[in-house]
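Below are two complexes that have chain A in common, paired first with chain B and then with chain C.
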Partner chain A sequence: MDTELIFQLAGISIVITVIYTVLKQAGRDEFAFSTLLLGIVVVLAMVIPKIADLFETVRSVFRIY
Partner chain B sequence: MEIIRIVGLGLIATVLVVIIKQQRPELAIQLSILVGAIIFTMMLGKINSVISFLQEMARQSNISLLYMETILKIIGVAYIAEFGAQICRDAGEGAIASKVEFAAKVIVIVLAIPVIAAVFDYLLKLLP
Partner chain C sequence: MLKLIGACLILTACANFGFTWAGIYEKRPRQIKGLEGALQLLETEILYGATPLPDAMEEVALRCDSEIAGLFRETARELRKMDGSTGGEAWQRALDEFFPVTALNKQDVHILRRLGSSLGISDREDQAKHLKLTKSQLAAAASQAEMNAKKSATVYRYLGVLSGLLLVLVLY
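Let's turn to the complex of A and B:
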């Protein structure tokens, strides 16, 4: 069971928010946006295996082939 | 007690999602997807044992396995569709959620065709 993934994800989100705010305050809007995009991609890369895992388990439990 | 663990997980995740949602809604959605997937995966082991029990009962009472497997497939399709549709609706995309549910209904009808055909056959046999 990987509940630590939830905290990892929340931490990443908060750090990205802070970086985004700092860069935006410094006037680097394009860097701020790229940071946000990078964060979303990283988080998505962590979430997608979990979803694939879930679907695979549902398929095996309910015998959908 | 598993339920205490799950409720605690849900509460903590809710607090985190609410904190993040004010700043970055797109990351909060992903967090809620992850929490849903984890809780669902935790429960699937128990669902598996219930289903094995049901199949055992079906085999003992000589119910055709075709019907049992059809019902299981329909339940599985409904679970997955509900999971996806709820997340879409959570993110404010009600239209996409309705389409997902619509697709699930069509797939369920397609899966149920053999059973409907069997019922229809019996009816035709009963009628003179």
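Let's turn to the complex of A and C:
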């Protein structure tokens, strides 16, 4: 049970939001947008293995497929 | 415990990076203003003192801002080598050596290069005119640099600290 992941994701989202806002306010819109995309990729890379684990667990518990 | 120390190190390194970058942005207007003052000194030396170019360069190097005195000192050294190169070539060589350690960007160096092509090949009044032209161009660049610095310096500082924070969170 990996509770730290939730806090990690929350922290990353907050920091990315602040970076996005700071860059947008400074006028560098494209840079801000690419940082946002980078953040999404990083978060996905952290979340997808857990989802795969979830499906594996469900499959082994219920032995349906 | 070790993780905490590593996280602090990463945060400090990234924040330092951001702060240094912001510092460069803030140094540039100061150095451009120093260059203007130094060129004014050079103009005075040439127009009213009729000093030969190497001596004039050394005089200016002694009396101007320490950050850009190196340029004039280098030019004086290149001129004193007396290896048959013109004043303009000595100026270019000194500029190439000296420019990487300053906070000036390509635009400013381009202005200075144009000055080099007219150094030492005309009479005093003409030299003074060329120097005045360079000074006015530098003044325009200085005001633009100040605007840039005000906008970007805080942004780079924030960016430095925040990306440090991001790296710490991702690598936790």
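By definition in this document, the second predicted complex is superposed on the first by the 64 of 65 C-alpha atoms of A that agree within 3 Å, B and C clash if a C-alpha of one lies under 4 Å from a C-alpha of the other, contacts with A are read in each partner's own complex, and residues count from 1 in each chain.
Just so we're on the same page, a contact is a pair of C-beta atoms (placed from the backbone, for glycine too) under 8 Å apart; a residue touches a chain by one contact, two chains touch by 3 or more.
Everything quoted here is computed from the prediction, not taken from an experiment.
With both structures placed on the common chain, the touch criterion links A:Glu4 to chain C but leaves chain B unconnected.
By the touch criterion stated above, A:Val42 is placed in contact with chain C alone, chain B being left untouched. Comparing chain B with chain C, more residues of chain A are touched by B.
Once chain A of one complex is fitted onto chain A of the other, the partner contacts of A:Phe55 are limited to chain B, with no touch recorded for chain C. Using the contact criterion defined above for the overlaid structures, shared-chain residue A:Ile19 touches chain C, although it does not reach chain B. Common to the chain B and chain C contact sets on chain A are residues 12, 16. Touching chain A in their complex are the following residues of chain B: 9, 12-13, 16, 19-20, 23-24, 26-28, 30-31, 33-35, 37-38, 40-42, 44, 47-48, 51, 69, 72-73, 75-77, 79-80, 83.
Residues 151-152, 155, 158-159, 162-163, 165-166, 169-170, 172 of chain C touch chain A in their complex.
Residues of chain A touching chain C in their complex: 4, 8, 11-12, 15-16, 18-19, 22-23, 26-28, 42. In the complex of the two chains, the chain A residues touching chain B come out as 1-3, 5-7, 9-10, 12-14, 16-17, 20, 36, 39-40, 43-44, 46-47, 50-51, 53-55, 57-59, 61-64.
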